[in-house]
Every structure is written in structure tokens, then in C-alpha cells.
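Below, each structure is written out as C-alpha cells.
Each of the next two complexes has subunit A plus one more chain, namely subunit B in the first and subunit C in the second.
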Partner chain A sequence: MAAACGRLVPRGAGIALPGRCFSLSGYRVSSGGKPPKFQPPPKPVIMDRKTRKEESRFLSPEFIPPRGRTDPLKYYIERKDMIQRRKVFNIPEFYVGSVLAVTTANPYASDKSNRFVGICIQRGGKGLGATFVLRNVIEDQGVEMCYELYSPRVQAIEVLKLEKRLDENLMYLRDALPEYSTFDVNMKPVPRQDHEEIPVNKVQVRMKPKPWSKRWERPKYNIKGIKFELPEHKMQAAQKWSQPWLEFDMLREYDTSKIEEKIRKELSEELGK
Partner chain B sequence: RGQLGFVVRHINSSTWWHEHLSEENVEFLKKITAEEYKAQTASKLCPLKDEPWPLNKWTPDSIRVGVVAVKLGMMPIWTKSGEKHAVTLLKVQDCHVLRYVSKEESGGKTAKLLVGGKNVSPFSKPESAHEIFKEAGVPRKQKVTTFNVTDDAIIKPGTPLYAAHFRPGQFVDVTAKTIGKGFQGVMKRWGFKGQPASHGQTKTHRRPGAISTNKAAKVYRGKKMPGKMGNIYRTSFGLKVWRINTKHDIIYVNGSVPGHTNCLVKVRDSKLPTYKDCNKNPPFPTFFADGDEELPEDLFDEDIFQFTDPSVTFA
Partner chain C sequence: MRLSVAAAISHGRVYRRLGLSPRSRLDLLRNLVTALVRYERIETPWARADEMRGYAERLIDHAKRGDKDERAMRMADFWLTEKDLIHKLFKVLAPRFQPHAGSYTRLLQIPSRDGLDRAKMAVIELKGNPLPPLARPRRLSDKTLLNQLLRGYRQDARPRGTPV
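== the complex of A and B ==
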């Protein structure tokens, strides 16, 4: 069969011809005098799990310095302290929308420690003063606790459920129905393999009736995680406050790719990840 | 009105230093000054070997020099009991003693020492301004301040000053020019209450109101009125030093300090009577880097929580 159709079959590997399922790459039988030039088969690219993980490594947002005129030496000194703290105390990777449990030291509690479970709704601050806010609804009362990542009173941070949401800031959960902010205090950590991608929870949250603490339908908040049940004309009226020129404003651009690379290199050397 | 004097007409066109120089000459000058600066700083690194002035012992009555530093920014620190405090980072950058003025020369009560701060290019100032720096053998500095000093604490001009001049646990006063706010009204400048926003007020919401009484028939001198606010020297007294980094010459000072980031500040031992006992036995007259003392990279106060320790627990 090969001899008969050698001239007509193209060289590409794995091309399914009717009735034939074997590849004839580089295997042409020539009719002329000269032997054909040997073309080695294309090298397969092995996508290792490890290489993929290195490309999308997580850099905690408080390491990226804000745009300003301060001396980079100040950020370097602060980062040294942050790295020192991370060597002694494990601060896990987490995003806004993950459920965390934080134990802090409290001199006035009977066990001398406090445990709070909640969903992270905001990560703020840069450097050593970085904070995150956890929200939970306990006995029908919404409670938000703001913790400092590098405070020495924090004794343990466990990630019970690692996931992302559609927005960077979940402050709208205050005006959402309480079922979206309730999490079991004795929740077991959800098992997760290391190489899996971080799941994005695309839940569309239902809100309590208006008035809300902020007008979340306005384009300045750019919220994708709410199921707006407002009438069409109200949604269109909210678009009046949109500022479409903002995304083209070049003075607001802050390219952090090079800074991030340097910081990642520094972190990986120090923490040995 | 009155006599009309002749108005002096100034020639307002000033050239910058490299306007009439070729590019090669500019590059050459820059290279030369950079090398000269390096040589000058290198020659001043061993003050104890260059015939230093007599070193005396510290007494409770002696006042020693201060230091000129750059305000880098602010940072939180925690104590061993878990309380948070905000500290300002002050970096001592190229600080040298420039000149000694004796008590009789200056006409004051104590001798004075001129100290200079951060290095800066010499080209934008006339040669007359470089005299002090040339005498001391030191590059041109951005800020030059005077410190009133007792006679047993005088230092030879040209000695470098480091952050280790201060120790954690002592108290300092920091002087700097405050952030300039420009011409400001009376509410922001002096904290007046202004007038209500509604209920019939005609065009009067942020005005000072009455400026004097009827009987006085004049406005007193020093009356608080609108004017230029900020950009004046102010001092914060009694700030605790929490930590010293000897490698980068950084002082961690409690609380806030006047001035914007990257401004030059004058740091001195506190002269408040409450802290007289806390500033005992400092390095006198200053800390010499080529001396016998080998300091670790970081000096901490006893109360500070160091990040090498595990998390705080209350027993």
C-alpha cells in the first residue's frame, strides 16, 4: 500500500486519510534518482506540570510597591522584614473569595486565642501593613474582621476553601442576601491538589432590596458578580456615570511586570520555593 | 507716590552650567566630579587614623552633635505584647562634619559644629559656595545645619557621621521644613470654625468673622489671618528610636516627622528633661566606623518584636 501511494501522500504526521490511519511522515518513496532530504519529525513539546506552575506563580499583592516617588530602598527594607516573617510563619496563598480561618492571640479570652472563619472580601494595604477583611454571618448578625497579615498576634491562617470570584472586592456582600455570606464555623478544609488551577466561582449573587450601602450598579465599581434584578431603565441610567476614557488614560498606566519579576526572583531565592 | 527712585532693571536670563559647553566636556566634567567625590569619601573613611581631635568621656552635661538624614517613609512595627506603632525611616546619607566654630567666634553660649547632608552636584552653585566643602575635603552637600555643642564634644571637620551615632531606646528631636500648602484660608491654617452653610448666610462660609473689638480700635500684631502655610521649620520632640540598621544607616524613629518623603531632616538628642535619663552613655563624641566596636547589622530596642521570633502568645 505504501509503495503504491508513496508519491501522493503528504508528509504531515497523523493526517487521517480515508481507510488509512498510520502516518507516513518523512517516509516518501521517491521515483527520481536522488534520495530525499531527511526531515526529522517535529519535536513534541512536553508541557510539564512543574513548568506550567512556574509561569503562573502567585505573588502576594502586598509585595508590589505602589506608584510614587519613594526610594525603592524603603520597599527593599520592608520586604526583608516581610520575608523574615514568612520564614517563621506560614502565610498561605489566598484570593478574595476564599474562605479562611484565622487564630489570633487574645489576652482576655479564656483560651487566650480567638478563631474566626469567614470569606475574604478585601485585601488592602502594601508592605508590612497589609490587611485582609473576613466576613461571616453568625447568629443572623453579619460580622467583618480586619486582620493584619504580618501582625505577631496572628497565630495561624488556614485556607479552608481556595477559590477566586469574578471581582477583586466583595464589599457588595453586605447588601446581598445573608445566605451568600454564611459559612459554617466548623467547616472542614476542602481538599485540593497542588497543580490544579484555582477555580473561579462564577456565582451571581442576589441582593436585598434597595437602598444599598453603595450604588453597586454604577460602572465605577465594575461588578460582575451580582445578578441585578433592577428594571432596564435604571441600569441604563446608571451608565450615565461611566467614564469610558479611563481605560485609555496613559498617565494611569502602571506596568508592574518588570518589578514583579525582580520581586519574584528575590522571594524565590530567600524562601526557597 | 513719594519719590520715584530708578527701578533697577535686572538681566533675567541666566544660563545653566552646561549651556555653552560641548557634550564631550560635559561628560568629562561629570566623570571627573564623580571620581573626585569617590576619592574624597574614601579618604574620609578612617577618621581615627587622621589625627582626630581629643576624644573625651561623656558627662550628663555634655551636648553632642546630631545628624542630617533623609526621610524615607513610614512603616508599622509591633512590640512584644502585640501593640502596633508607626515608625518613620530616616536614612543617614553621606553625613559629614563641615566646620567647627568656637564659642568666641560665633558669639553664642556654646561652640557650633556645621554638619552637611546628602551629596549633590556642584555645578549649579558658584565657586564661593563651595569654600566650606573644599576646606573640609568633602563633596557638596544639599543641606548644611548647625548644632550647638559643648567643648568636650567637638569633632574634626571631615569626619563622617553614621546612624550608629544613635542607639535604640534613646529619644531624639527631629526638625524639618513642613510640607508647603501655599496660600491658605483661615479655616485650614488656624482651625477656625467658619460659618454655617445655610440659614441665611450671605457669601460667608469660611471667613474669619470679627478681627478685633471696638475698644481696641486696632488689630493686634500676630492676628491669625489667611496667609502662606507650611514650608517652615518645625520640630517633633521626644521621639523614641526603636531600631538602627547599621548596614544601610537607617534610624527607625517613633511616630511622624515633619516634611515630605525624601526631604532632609535634622536629628538631635532630645533636650526634654523627661528623657535626660534615657540618653545615658551614648557613643561620644560620635560613632567611629573604623574603631574597635563591631556592631551587628540590626540593633533593636528591648520591647520590639523581632520577626525571627514565633508569634506572640499570652500565657
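== the complex of A and C ==
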């Protein structure tokens, strides 16, 4: 019977019923006595990891040109230079509120480089002049260092802790208690899975007594990350400066979705090469 | 003497200063937008019409998203002081301008106001309105005699192809 069926799987190929003749779709026609090569079943593609990556790809804010009357050629040329620099030097994804360690070149230091660890409180500038400010408290002295992302002096940017905060600008940490700005200089990087969402640190920061460098309770700053311990009448008085019509002023909106799409496509083409 | 040089320079400022304050400016423009949506053609000073144009077109862009959209409804609720016009905006104007990508309004200058101020006046209208058409400046078309003669001259002056 084994010889009768031409398309038979030979004995000992792992099927429970030996000698039975039946054809399976997964098996090739075997010519002669050679056993067909074992083909493992196809691996299932995990679609959600791929799709999530496509949607929430991070676009660094300095790529998005500001609204204005400048020639877009200027931003195009700058973007080309930024991409060139990114091909040579890795600028990781980070947000305001993440803890970074930056090593810069310093000709006067003993080992020619200088390392600073701090929390990113502000990301400013567009194009090649994009900067970020790191803050730390070293020996009871608050220190802020402003670095340019694309400067040739920076030798390494390492993200020790990747997280977001409730605000885009953490300048209020200057008036907060120093414990919220102290970070260990020899901190180890916090491990993180690739596909996890960026955690949002909803900490409410406690402030030093007034006066502050800016009146952070006013609605113009729109700060959500401070635990205001001011009396109620002071909070009500601050609302006097609120401008409720500003959210309905349609000409102030800047819709960047189409611009972002174009820039994302351009970046993925260039960096893929 | 001039106390602050910076206060007198307004390079790059796009918003005109109308009314008594920024709040008053928005209220003024809101009244004009409401009137435009109600009457579809209004006569106002040119500066106010020019400021209002941007807001009117953005309002129609928001309305095109549909009335189920929360943001569109809030914008329409703020900008239209007469609430029956919200229905007109979403049900009449949004479908009318759905095929167009932008520029839903037309702004034309008219002779200055008769009063003491001699203000520069303009008429602003929504395109596709049912009123009789305005006298728009006609651009020279190809069919005028002069253009036809010039076209013929250019064709004759062009070097002929290789003769057989």
C-alpha cells in the first residue's frame, strides 16, 4: 500500500498513523525515496506592534517649521543638514521631563569631555539651532545647562529616564523645592520596552514660598503640574487675567498635521537610505 | 520724547487693532460674522471686512467637519450670536462649500462712506449666494480683438517648422 500511492508521506515522517495513504496540502510531491525538507509553519505576524509603531512615530519638534513669512527653502536646507548630522550621530527621542546625560567636548578638562545629567525642562528653537535645557541641583546649587542638539561639540546624548510630564515647559522647577530637581549624577538608565507607551509622570510639585520668578498661578501659563497651596482668594484673583476668548480665536490655531506628514515621509526616506 | 521704541514698531504683527480691547475686537468680528452668515452680503469698513474674512472662512472649515464634531459645535456656538444661524451654517452653508477647498468669500471695495470719516468701505459676500451678482472687475480675456490680433502676430513671428 505504501508503494501504491505516489504522493505518500514516507514512514517516520512524524505522522501518528503509519502506512495510511492520505495527501496533505502542506507536503510537496516527493520524487523518489528522499524525505521532503521539513518546513516549519509560517510565523504569525503580530500586527498591533507594527501598526502602533506606524501611528505614534515620534517627530522631533524642531523639524516642524514655525508659522511665518520665511522662505520654506531655508527650512528645507536646514532639514537636510539635520538629517546628515542624525545619520552620523544618534539623537534619541526624548520629551520635556525626561532625564538625560550629555557629554560635550571641553578642551580644558582633563579627559577632554564633560558630562552633565539633568531633567529636560524646555525644548526650544527650530531647525539646526534647536536647544534643550537640562536642570540639576549639584551640592545645593541649582544648575541649568542649555545644549544645542546639533552642535558638533556634543559627543553623546543618553536618555536615562524617558517620560513625559503634564506641562510642555518646566521652568517652574526653579521656584519649586530643590528635591524635585535633584537627580543622581551616576544614575543608571531605567530599562524600557520598545513598544510601551511613554509614561506620563503626573507629579504635583510643591513650591517654595512666594515670590516666584513668574506668577505661575496665572492662567496664561496654564500649568497643571504644581500643587498650589495659595489661599483661595489669591487663586480667584489670578483668574482675573484669564482670556477665555483666546481658545475661540481661530486664526491663532496652527494645524501641523499635513506638514508633519510630509516631513515624516521625507525623514523616513532619507534615514532609510 | 518717545518712551519705548519697541511699542511703536509692529513688524510681523498680523492682527489689526479694532475696537476697545482684544475682547472687543473679537466681539466686533463676531457680530460681523453673524451678519454675514444671516444676510450673505454685507457692507462694512474695509479693515473690518478684511479681518473678518479669515474668521468666516475658518468657521466654514470647522462647519465642514459636520455637526457631530464637538469642537465645530463649540466654535459655531461662540461665533454665531443668533442661535438659529447655527442650523443654517451646518445644513446650508457647509454642503454648499463642500466641493470647494477654500476661499468661500469675496471682498470688493466700494466708494468711501458718505459721512465725515470718509472711511474705505468694502462689501463682503459668500460665494454662491442667491442675491443678484455684483459688478466684478473683468480681467482681459483672450477673446478681445486686441488679444486675438496679438496672438496672430505671435504665431506668424514664430519660426516655421522645417519646410518639406
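A few comments on the model shown:
Simple rule for what comes next: the second predicted complex is superposed on the first by the 225 of 273 C-alpha atoms of A that agree within 3 Å, B and C clash if a C-alpha of one lies under 4 Å from a C-alpha of the other, contacts with A are read in each partner's own complex, and residues count from 1 in each chain.
One rule holds for everything that comes next: a contact is a pair of C-beta atoms (placed from the backbone, for glycine too) under 8 Å apart; a residue touches a chain by one contact, two chains touch by 3 or more.
Because the structure is predicted, anything quoted here is derived from the model rather than measured.
By the touch criterion defined above, A:Gln39 reaches neither subunit B nor subunit C. Touch counts on subunit A: comparing subunit C and subunit B, the chain ahead is B. By the document's definition of touching, of the two partners only subunit B reaches A:Ala105; subunit C does not. In the overlay built on the shared chain, the residue A:Gln155 is in contact with subunit B alone; subunit C does not reach it.
In the superposition on chain A, A:Phe248 makes contact with subunit C only, not with subunit B.
Contact with neither subunit B nor subunit C is seen for A:Thr256 once the two complexes are overlaid on the shared chain. In the superposition on chain A, contact of A:Arg69 is made with both subunit B and subunit C. Using the contact criterion defined above for the overlaid structures, shared-chain residue A:Gln239 touches neither subunit B nor subunit C, since it reaches no partner. After overlaying the two complexes on the shared chain, residue contacts for A:Gln204 are found with neither subunit B nor subunit C.
Contact with neither subunit B nor subunit C is seen for A:Ser268 once the two complexes are overlaid on the shared chain.
Shared interface residues of subunit A (contacting subunit B in one complex, subunit C in the other): 68-69. Subunit C contributes residues 12, 14-15, 22-23, 26, 54-55, 58-59, 62, 74-75, 78-79 to its touches with subunit A in the complex. Against subunit A, the residues of subunit B that register as touching in their complex are 70, 72-73, 75-76, 78, 82, 84, 89, 91, 245, 248, 250, 261-262, 305, 307-315. Contact residues on subunit A toward subunit C in their complex (touch as defined above): 68-69, 243, 245, 248-251, 253. Listed in rising order, the residues of subunit A touching subunit B in the complex are 68-71, 73-74, 77-78, 81, 84-85, 88-89, 105-107, 112-113, 127-129, 148, 150-155.
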